[in-house]
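Listed next: structures, encoded as structure tokens.
Two complexes follow with chain A in common, the first pairing it with chain B and the second with chain C.
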Partner chain A sequence: MSAEFATSRMETAPASTGARLLDLAERHRVLLAGIFLLVFPLVLPFHALAIVILTYGLYALGFNLLFGYLGLLSFGHAALFGGGAYLCGISLVHFGAPWWLGILAGTLGGVLIATLIGSLAIRTRGIYFAMVTLALAQCVYYLFYQAVDWTGGENGLRLPSVTAISPFGIPLNFVDPLTRYYVVAAFVFASLFFLSRILASPFGAVIEGIRENEARARACGYDVTRTRLVAFVLSGAFCGLAGALQALHLAIVPVEMLAIETSGLAVMMCLLGGMGTFFGPFVGAAVFLILENLVSVYTVHWQLVVGVVFIVCVLFFPRGIWGSILHWSRR
Partner chain B sequence: MLAGLTPDLIALQLFTGLALGAVYVLLSIGLSLIFGMLTVVNFAHGAFYMIGAYIGLYALSIGANFWVALLVVPVAVGLVGLAVERVLIRPLYGRGIDYPLLLTFGLGYVMIEVVRIIFGRTGYPFDTPELLQGAVDIWVGYFPLYRLFIIAATAVVLAGLYLFLEKTSFGLIIRAGARDPQIVRILGVDVSKVWLIVFGIGTGIAGLAGLLAAPLQGVAPEMGATILAEAFVVTVVGGMGSLLGAVLAGLLVGVVVSMTSLFAPEMAKVSIFALMAVVLLVRPQGFFGRAGLMS
Partner chain C sequence: MSAPSSDVILRTERVGRSFGKFVALKDVSAEFRRGALTSIIGPNGAGKSTYFNLLSGSLAPSTGKVTFEGKDVTGLPQHRFAHLGIAKSFQITNVFPQLTVRENVRIAAQALKTRFDIWRPRAAMTEFIETADELLRTVGLWHRRGELASALAHGEQRALEIGMALASRPRLLLLDEPTAGMSPEETRTMMDLIVRLASERTVILVEHKMKLVMGICDRLLVLHHGELLAEGTPDEIRRNETVKRVYLGQREH
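Entry: the complex of A and B
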């Protein structure tokens, strides 16, 4: 992306208390995220919605790693999210796998599909990348749609509902929404920690270096193509995990999870929250889903609102909500 | 299973593929034209295709005949395109290549939902015009006249576009602008006006494609979404920004789809993506793409 998004991670002298607080928040971002995840269900008493915000936020987080930090715009992330959900579902339905193996299968499924799509799409760049990922995701959609015996085709894949789980020998009631929320939140927290480590590592610096100036990164001796592929695969792991959690939560994988609209959802949430920012995807997912719940009460034409928000964000609000907060506080 | 396959049947299927490919050609030539000039990938192209079909449907419902609709639809859709470029896309020039793409993606949502509000969520059948019903003998067998008409109409549009781009002074400006807008601007040409008109032409052709395809598959708000992915495949295979590439790849993709639906129907949907994968592996810039456009 262009340089204007670089400000979020640039070391500038904090001018005000607000800016100092935000810098502190950025430095202890994982700790902050952990505290937030703990108190979030108290702020938002609709626990089913809170869980969906977390799974979509994780999905947008995976997308953000690629778009916000690396600058590659993919319109095919539904294949990673939906693919992860389907592989989790298939392992539960057809192989009788326990829930944790389903999550593992979903994550690895995201990795596998990301490797396949990534190694093809990475051969193109810029504007082509968005088109090729969109087309390949459509291909994945058809493949899962037609494999009716495995996926249930148009009707989606119904999962056996997971009622009781016992991670590390601790028995938990998975039907209770709050317990379920904290199980999902644990995975999200682990992902945020992992992402934070990736971004703080030399590899993370290379990723952002490529976004800022590809030619220079290449001249410095970094393997740009391979870095892109690795980032795509990592993104696939996050999205696959998000899909698997979503599948366990909803106990069904609708085929729409693989549709173009789902790819657009990741773009939308990321754009709304602030691309290339650590908390942006979750802010975007929360605002988007809460808005959806509110608007759907009044009208069935929710898609119209989505489109308008999209256009307004691109035209007037490209930094997104969290990105703008960071920008204004540092000015 | 292959016993019923005569050379005649394969030849007929080839023609079916060309008719399908003609629709792809019209869509991707508009995409390529717009990209070549504006470096904008129009993600709302499928939505323009869809409103073309709906405007045609509306024109027929208020008493116009199909031939009038053939003239009215590209003009009406092109006018919508002009408004979109002027109001929404123009502020984004110079702000990075991803922004127009994101904007047109959102615009696609809006257009689909507006059509749903006006015409309802369910689709409509679209009658083949009376004059073009039935089949004609094309030596290898009887072939639906309407599909033949699609091929002919596409040829006329392509010939017109060729003459416009190669033989008129405005076409000269367009070709020069695609090469180097900076120089054209220095020479005193209002490039933004050229871009505006190119966007109008590209979307107008997409609208015409929607109208032409309507009798084959009916009209529905979602009709543009799936064909957009297929048009992208055509554009990637042919090479972004190349009009000749769009034509050849469009016909090739159409034939590949119709041939796989004959020999392996379950693979028909996936075959073109396999074709794209092969092209990406062997020649990532597409048949006629310039390697420089990739970055």
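Entry: the complex of A and C
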């Protein structure tokens, strides 16, 4: 499962119209994402849901950079997502920071926690890496859980609600769901642009190379350990930003954001949408959250239904939803 | 490379390597001349790959010292070797299977010149693409550049690996049984390529089929049971009684 946007791909002549369209879409993936982000709330009129699809999608995107592109399975990403949310919250609650500083704090928080967890975990491989990240994420959970004065402990951290913001001097009503959606979408758009640059850069090629063959990457002269750490930290930036946006949106940081289930969520959304694909994490987040919202109207056992859908997907569409669409249209 | 033939590019001093209690390589001291094509030969399990891995940085020696161009490189991490000017191909084919042939070499070409560059588009960094294309022509894979590496035939994958090794412009090229598992036809093509490459740089070639290298190499090292049995020109080795005994009865395949 190689990256759909690797420059290398563009050389093979597209076979069908569908494939040709996809290749076109790939070349303009950021533009496409922008258009989609603009019209999404028109398609999905539940704006609060649309916002969490974006924040979880961004979280899954950060996870995907590590899992899909570099091939490292982390079970501790909740620490980056929740940590970002808490740091955003703490900066607002305890330091009276403005919203944008909260977002910056959350992103840097993700970077910081990723650096700490990463430097300890990257020396391990496979299941050991998953377990070490999981254990360290549990430590982060415990830390935030215990620091009640700072984090509110098990009650979570309530944020002062952000009502009016004025980015670049433009006054915006942050209470209005649609306005809020577009503010979040702007950050997601910037992230997608950034990710696109990363994937198209020499570094993007290296992480794919490491995923493909670590020994060969080493022999080529790449410091695999350092590359892994850099990727982990970049992943932390995306996840921290996602957490901060989530915190501002919910006006509370529940301690569950740091819990192991949240780590599992990233894995699920990524697999559901298609790992190692550009749009997969968002597709996964959308399908998961829409399903959850739809099914929970009818039954309290929504987790069972979502679980079955997930299993069916993994069994019959191991490339994920978006990954399968890409694959079929290429043949 | 017009360096005098007496110039030593690589030297090992009593290097050895054990795996647990098992001694795979013992006290091998040797010098490799710049510009020469040296072959390391020996029967299966003689310790050739172990020695090769010590030279190429995949393994750290348990004992002894490795010097490259006068610098002590013993135990340096693998990725440093490419930066020093040493490149290698593995005994088992080792490419990036799900990337295109061209991207395989391009990644190898950018390795020494981009460090964590996450911003510039690599499609615009034409120098690496040009290097890749030039090397693909050298190893005869230009017509296959758009294919996934996994779609190549075995022999082609080995050639691709050599193309990748060349991408760092190494002064020393190490090849571990590049003809392993090849058809006679593929083997001939590969040996031709090696001879061509050896005319421009120092090459160390591991091979267990003695016949294959006798005619092309400048010097030979014979390993047996983890020890250096003999060292010399092909003629000297051919006349060497101990070597004859080791290879006697072993039908070459």
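FYI, the second predicted complex is superposed on the first by the 315 of 331 C-alpha atoms of A that agree within 3 Å, B and C clash if a C-alpha of one lies under 4 Å from a C-alpha of the other, contacts with A are read in each partner's own complex, and residues count from 1 in each chain.
Keep in mind that, in the parts below, a contact is a pair of C-beta atoms (placed from the backbone, for glycine too) under 8 Å apart; a residue touches a chain by one contact, two chains touch by 3 or more.
Quick caveat: nothing in here was measured; it's all calculated off a predicted structure.
Student: After superposition on the shared chain, which partner residues are touched by A:198: those of chain B (first), chain C (second), both, or neither?
Tutor: second
Student: In the overlaid three-chain picture, which partner chain does A:213 touch, first (chain B) or second (chain C), both, or neither?
Tutor: The answer is second: A:213 touches chain C but not chain B.
Student: Tell me which partner A:136 touches in the superposition: chain B (first), chain C (second), both or neither.
Tutor: Touch partner of A:136: chain B, not chain C.
Student: Looking at the overlay, what does A:327 touch: chain B (first), chain C (second), both, or neither?
Tutor: In the superposition, A:327 contacts neither chain B nor chain C.
Student: Between chain B (first) and chain C (second), which does A:47 come into contact with in this model arrangement: first, second, both, or neither?
Tutor: In the superposed model, A:47 contacts neither chain B nor chain C.
Student: Can you list the residues of chain A that meet both chain B and chain C?
Tutor: The overlap between the chain B and chain C interfaces on chain A comprises residues 1-2.
Student: Given the complex with chain A, which residues does chain B contribute to the contact?
Tutor: Touch residues, chain B against chain A: 35, 39, 41, 43, 88, 91-92, 95-99, 101-103, 105-114, 116-117, 225-226, 228-230, 232-233, 235-236, 240, 266, 269-270, 273-274, 276-277, 280-281, 284, 293-295.
Student: If you look only at chain A, which of its residues touch chain B in the complex?
Tutor: Chain A residues touching chain B: 1-2, 73, 75, 120-121, 123-128, 130-132, 134-136, 138-139, 142-143, 146, 214, 260, 264, 267-268, 271, 301, 303-304, 306-311, 313-315, 318.
Student: Within the complex, which stretch of chain A touches chain C?
Tutor: Counting only chain A, the residues touching chain C are 1-2, 6-9, 11-12, 197-198, 200-206, 208-209, 212-213, 215-224, 226-227, 230, 234.
Student: Of all residues in chain C, which touch chain A in the complex?
Tutor: 56, 58, 77-83, 87-88, 90, 94-100, 102-103, 106-108, 110-112, 114, 116-123, 125, 128, 145-146, 148, 164-165, 167-168
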